[in-house]
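Contents: one structure, followed by commentary.
Labels run A, B, C, D, E, F, G and H following the written order; every chain starts at residue 1.
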Amino acid sequence: MDECIISVILGSKSDLEMIQPCLDVLTEFSVSYELKILSAHRQPRRLVRYINETSKRKVKVFIAAAGGAAALPGVIAAHTTLPVIGVPVETRSLKGIDSLLSIVQMPGGVPVACMAIGKSGARNAALFALQILALNNKKIADRLAIFKRRLSKPVK
Amino acid sequence: MDECIISVILGSKSDLEMIQPCLDVLTEFSVSYELKILSAHRQPRRLVRYINETSKRKVKVFIAAAGGAAALPGVIAAHTTLPVIGVPVETRSLKGIDSLLSIVQMPGGVPVACMAIGKSGARNAALFALQILALNNKKIADRLAIFKRRLSKPVK
Amino acid sequence: MDECIISVILGSKSDLEMIQPCLDVLTEFSVSYELKILSAHRQPRRLVRYINETSKRKVKVFIAAAGGAAALPGVIAAHTTLPVIGVPVETRSLKGIDSLLSIVQMPGGVPVACMAIGKSGARNAALFALQILALNNKKIADRLAIFKRRLSKPVK
Amino acid sequence: MDECIISVILGSKSDLEMIQPCLDVLTEFSVSYELKILSAHRQPRRLVRYINETSKRKVKVFIAAAGGAAALPGVIAAHTTLPVIGVPVETRSLKGIDSLLSIVQMPGGVPVACMAIGKSGARNAALFALQILALNNKKIADRLAIFKRRLSKPVK
Amino acid sequence: MDECIISVILGSKSDLEMIQPCLDVLTEFSVSYELKILSAHRQPRRLVRYINETSKRKVKVFIAAAGGAAALPGVIAAHTTLPVIGVPVETRSLKGIDSLLSIVQMPGGVPVACMAIGKSGARNAALFALQILALNNKKIADRLAIFKRRLSKPVK
Amino acid sequence: MDECIISVILGSKSDLEMIQPCLDVLTEFSVSYELKILSAHRQPRRLVRYINETSKRKVKVFIAAAGGAAALPGVIAAHTTLPVIGVPVETRSLKGIDSLLSIVQMPGGVPVACMAIGKSGARNAALFALQILALNNKKIADRLAIFKRRLSKPVK
Amino acid sequence: MDECIISVILGSKSDLEMIQPCLDVLTEFSVSYELKILSAHRQPRRLVRYINETSKRKVKVFIAAAGGAAALPGVIAAHTTLPVIGVPVETRSLKGIDSLLSIVQMPGGVPVACMAIGKSGARNAALFALQILALNNKKIADRLAIFKRRLSKPVK
Amino acid sequence: MDECIISVILGSKSDLEMIQPCLDVLTEFSVSYELKILSAHRQPRRLVRYINETSKRKVKVFIAAAGGAAALPGVIAAHTTLPVIGVPVETRSLKGIDSLLSIVQMPGGVPVACMAIGKSGARNAALFALQILALNNKKIADRLAIFKRRLSKPVK
C-alpha cells in the first residue's frame, strides 16, 4: 500500500506522545506515513517548502497537531488543496480550548477538518484519513469495515 | 459529474438559511448533492434507514449541520465508514459553543470532521468534501486549483 | 420490589467507577437495575435493539452516563417515551463542560433530565429515578422520606 | 385527568413569555397545572409555605424556571421528595450559562432535573413531566406515543 | 470585642480546610465568630431557623461558603437584611466557575457580596467583614490600619 | 441623614445609564452620595487624590463600576480600608465576564465585594451599602425592613 | 515624520471599520502608515512576499487585525523580528474570544503583543506602536505626553 | 549594553518561578534589567513611586506579571507612556483566564501588550522587549536575527 502516503506534522516535539494513537492506527492499517516536526511559527519557510514538495510526491492527506495559538493546520491548508485534518493539543493552562478554537474557526474558503482535543482526536485523525483514502482503495475500505464491526462488539 | 454524490443532512428546517453557502459551493462546482432534513433526536429511525440506503447508492461524503446537543454528525458517523463532515449551527443562547463541543469532541473510533460555527463552516464543509472527491476526480481537482488561485488574488 | 427496573447505560467501560454512587443508591433502596455498556457511537444498532427490548420488559426509567460529545442520553430519548436521566462524565481536557452541554441542550420535543457533572450527578440520577418511581410506590416513597430526614440531620 | 397536577413556578414575572411553550404542552395534553410566581430570593417564606401545601394536595411534579443565580429549583428540591424539573432562563449578559450552572450543579442528595436554556427547555420540561406521569397514566402514555409518532414524521 | 459576632456558614463539611484563612483572620483580629455547617439544600429548615435566631442575637455579618449550585449565600440573604458575604468554593470539575456564578449573579433586591474563588476569597471575606465592623469599632479600625500598613511593606 | 455619605465612582461616562438603579435606590432611601467619573487607567492620580480626600470626609462606603480590564474597584480598595463594592459593567464583546473576573478575583489582603453584572448589580450595590450603614443607623435599618417586606409581597 | 512607517494588515476587508480608530490615531500623530488586506489563509504567499519587502523598506512595527482562527499576527511574527501587535476582531458567534486566544497564546520564541478585542484594541494598537517609536523619536514622545495629559483631564 | 534597562515587576513573590524564562532570555542577551515585587493592590503607593523614579532613570520598557484580578500591568500603563508588556500568571482555579482578561481587555487610551499565559508568555515578554530595543540597537538586532535563525533549525 506504498501508494498511500499521509503526512503527519507536529507543531512541537513535545506533541509526540499525544500523536502516538494516530501513528498506531496508520501502522495497524499498513498505510505509509511521514512524520515531521515543523512549527508554523518557528520554521515557517521550512514548513512551506515541505508542503510544496509533498504536493509533487504522493501525499494525499495532511494531519497536523498543534497547541495554543495553533496556526499549523490552517497554514498548511493555506498552501494546499489536499484535505488537512487538525488535532488540537491539550495545553497546560487552557486545556486545549485555545488550540481547538484556533484550529476549528477557519474562515470561509480554507477548510480544516478539526478533531477532538488530545489522544481521541489523534486516533480519529488517522481513521478519518483512512476513510478518505478508502473511497478509492478497496483494501483500506475492507479493513475499515472490519474495524467498524469489531468496534461494535459488546463490551465485557 | 453525476457520479459524485454528497448527502447534506440538516437537523432542523430552521438550519436551511445557514447551510446555503454549502449548497452554493456544490452548485458552483456542479457536484450533485441530496438535501435532507432528518433530526437524530426526532426522526432517529428514518435517519438510520436513510444512511443505510445511501451506502448502497453513490453517496461518498456526508455533510451534517446541527445545533445545541448536536448529535446528528456523530450518529451518522456511527452508522457509516464514509467521511462525515459536521457543521455546528449557531444557537440562540450559547451562540454555537454547545453545537461545536457536541460535534467535535467525538470519542476515539468514530471520527467527525468539524468545521467552524455557522456560514463559514457551511461553506468550508462543501470545499472540504470537494477536496476529498478531488483526490480521484481530475475535474474537481482542476476547479479547486482555479478556486484557490482566485482566492489568493489581492483584495481591492 | 422486582417490579421496578431501572436501566443504567454507560457510554464507556471507563465510566464504571464514576457511576458507582448511582448503583450504590439503587442497591441501598433495593431497587433492581440492569447495567449495560453501550456506546451511541460505537454500538449504535446494539443500543437501539436494547432500548426496544426494554420497552417490552419492565424498565421504567433510563439513566445514561456519557462524556465528550455525549450523544447517549439523547439517542435513548429519541427511541423511547420513558424518562431518560443523563449524567455528564468529567472529561480529561474540558472537565465535562463538553459532556454537560451535549446532554442538556436537547431540542424541543425530546427531553433529557440532566444531572451534575460526575459522581454527585451519578448519585442524584439514582435519587431522581427513585423520586419518579415513588409517585406510585409507597415503599420507595417511605424510604425517600427517611433518606430526606437523615440528610437534614446536623453535620458534626 | 384532574388528578394530575403539575406545579409550575417562576422566579420572576418576566419569565412568563419564556415558559409559555411549557404551558402550551400541558394544555395540549389536558393536564391541569398551577402557575405561581415565587422567587427563592424575594419571597422565600411564601415559597416554602406554598411547597408545603402542595405536598398535601395532588401536586406530583414541580417545574421551576429561574435565571442568573437560579436557586429556585434547588430550593424547591430541598423541601420536597417530589421530582423537580429546572429550566434555566436566558439572562441578558451571560445568556443563561449562569442559570444553567446554578441549576444543574446540585450537590449529591438533592436532585434537580435540568432542561435546556430557554424555550426548548420550557417545552421539554412539560414533556418530561408528562413522561413521568405517563408511567401510571395510560391516557397520557397513549398521547405521548401519538406525539412521538407525529414528531418523527418527515419534515417538508 | 465580644460584642462583634460574625456567623460563618459552610455548605459542606468538606469546605472546612478552604475556610481556614477566614477563621485565622478573625482569630488574629480577636473578633468572635460562630462556625456552622448548614447546607441550603440538605438542611433548609435548620438553616432558616438558625438565621432567624441569629437576628435576635448579636450577629452582624454573615459569611457563607458554598460550591457548585451554591445557593447558600443567596438563601441567607433572602432571610436577612444583614450583610451577607459569599465565598465560592473551588469544585472538582468546573473549578469554582459554577460556584462563582451561582453566588454573584443575584437578582436585584437581594444583594450578596461575592469574594474570589477559594482561599483568597475566604481570607478576604473575613477582612471585608472587619471593614464593615470597623465603621463603628475604633479598635478594629485601628488594627485594620496596622494590617494595611504591614501589607504595603516591601517584599523581600 | 446627611452623615451617611456613599461615594459612587464610574470608570467611564458611558457607565452612567447602567449605574442609575444604584442612584435611584440611594435617593429613595434619602442617603446622600457623591458621583464621580474617574478611570483607574486614564485618571490614576486624580483618582488616588480623590480617595485620600474622602477618607478625611464622611465617606463610609465606596461603590465602583467598571468594565473590561476593570481595575477601578481593586485600585480603590488598595488605597482605603473602607468597604469597596464593585459592579461589573457589561462589555460589548465579552458581555461583562471580563469585568466580573477583573473585579471578583482579588488577591488575599485586599477585598472587593463583587455584585452581579449590569443593572441588577448596580441596584444591589446600593442595597448592600445600605445594609452596611444600617448596622449603626436605625432609620436605614427600619427602611430596609420595610423594603424587604414589600419585596416579599406576592407578584400579581 | 516620513521616516516612521507602520504597516497595518487586515485579514479581511470586513475588518476595515473596526480598524478605523487605529488609523485615526496614526493620522492624528502624523505617523505614516501603509494599510494592506492580506489574509494568512487566503493570500499566504502574497503576505510573506509583502513582509519580506517591508523589512527592506522603513517599516518598524506591524499591526495585524484578524478574527476567528486568527493566524495573521502569528504568521507575520514568524517571518520578522520587528514588533508585531495583534488586534482580535469580534466574531459573529464567539464574539472574539476565538480571535483573542488564537492571537495571544503564541508559543515561546515568537511573541505577538495582543490588544483588547475590537475598537479599543485597534486604538491601543496604534498608541502602543507610537510608544515604541517614541523611544527614539522626541516628537512622538512629546505628543504622547500631551495625549496622556489630555486623557487625565476630569470628565464632565 | 548598560544603556538598555528593562524593569520587570511581579505582583507576588510566588510568581518568581514563572518569570524565570523571561529573566533567562534577558541574561542571554546581556540586557540589564531590574526585578521588583510590587503588588498594585498591596503596595500601590510604593509601586507608583517606583514607576515615577524609573521614568527619570534609563528604563525603556516595563514587563509586568500578575495573576487573578491582574491590575498590575494596567496600573503601570496608567502612569507611564513607556511600553508595558503584561504576562498573565496561571491561577489555581481559573488557570489564568482571569489574569488574561484582566490584562488584555484594557480601555482605549492606555495600551498593555499582552503575552500568553504562563512561562511561554514570560519568555516572549523578554523577546518582545528586545524586539522593541532592537529598533535602535544594532547589537540586539543582530542577536535577535541569530536567535531567529537558530529557532528555525530543523527539530531532531
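By our rule, a contact is a pair of C-beta atoms (placed from the backbone, for glycine too) under 8 Å apart; a residue touches a chain by one contact, two chains touch by 3 or more.
Just so it is clear, the structure is predicted and the values come from calculations on it, not from any experiment.
S.K.: So which chains count as neighbours of both chain B and chain F?
M.R.: D, G
S.K.: Could you give the fewest steps needed to travel from chain C to chain H through chains in contact?
M.R.: 2
S.K.: Mind checking the centre-to-centre distance between chain C and chain E? Centres are C-alpha means, answer in whole Å.
M.R.: Result: the chain centres lie 36 Å from each other.
S.K.: List the centre-to-centre spacing of chain C and chain D in whole Å, with centres computed as mean CA coordinates.
M.R.: Inter-chain centre distance comes to 19 Å.
S.K.: Any idea how many Å lie between the Cα centroids of chain C and chain F?
M.R.: 45
S.K.: Of all the residues in chain E, which ones touch at least 2 other chains?
M.R.: In chain E, residues 12, 39, 42, 44-45, 68-69, 94-95, 97, 104-107, 109-110, 112, 116-117, 120, 151 touch at least two other chains, as defined above.
S.K.: According to the definition of touch, which chains form touching pairs?
M.R.: A-B, A-C, A-G, A-H, B-C, B-D, B-G, C-D, C-E, D-E, D-F, E-F, E-H, F-G, F-H, G-H
S.K.: Chain D touches which residues of chain E in the complex?
M.R.: Those in contact with chain D are residues 11-12, 39-42, 44-45, 48, 67-71, 74-75, 77-79, 91, 94, 97-98, 101-107, 109-110, 112.
S.K.: Can you name the residues of chain C that touch chain E in the complex?
M.R.: For chain C paired with chain E, touching residues are 90, 95-97, 116-118, 120, 151-155.
S.K.: Looking at the complex, which residues from chain G come into contact with chain B?
M.R.: 12-13, 37-39, 42-46, 68-69, 92-95
S.K.: Under the definition above, what is the set of chain B residues touching chain A in their complex?
M.R.: Of all residues in chain B, those touching chain A are 21, 60, 81-83, 85, 100, 104-117, 119-120, 123-125, 127-128, 131-136, 141, 144-145, 148, 151.
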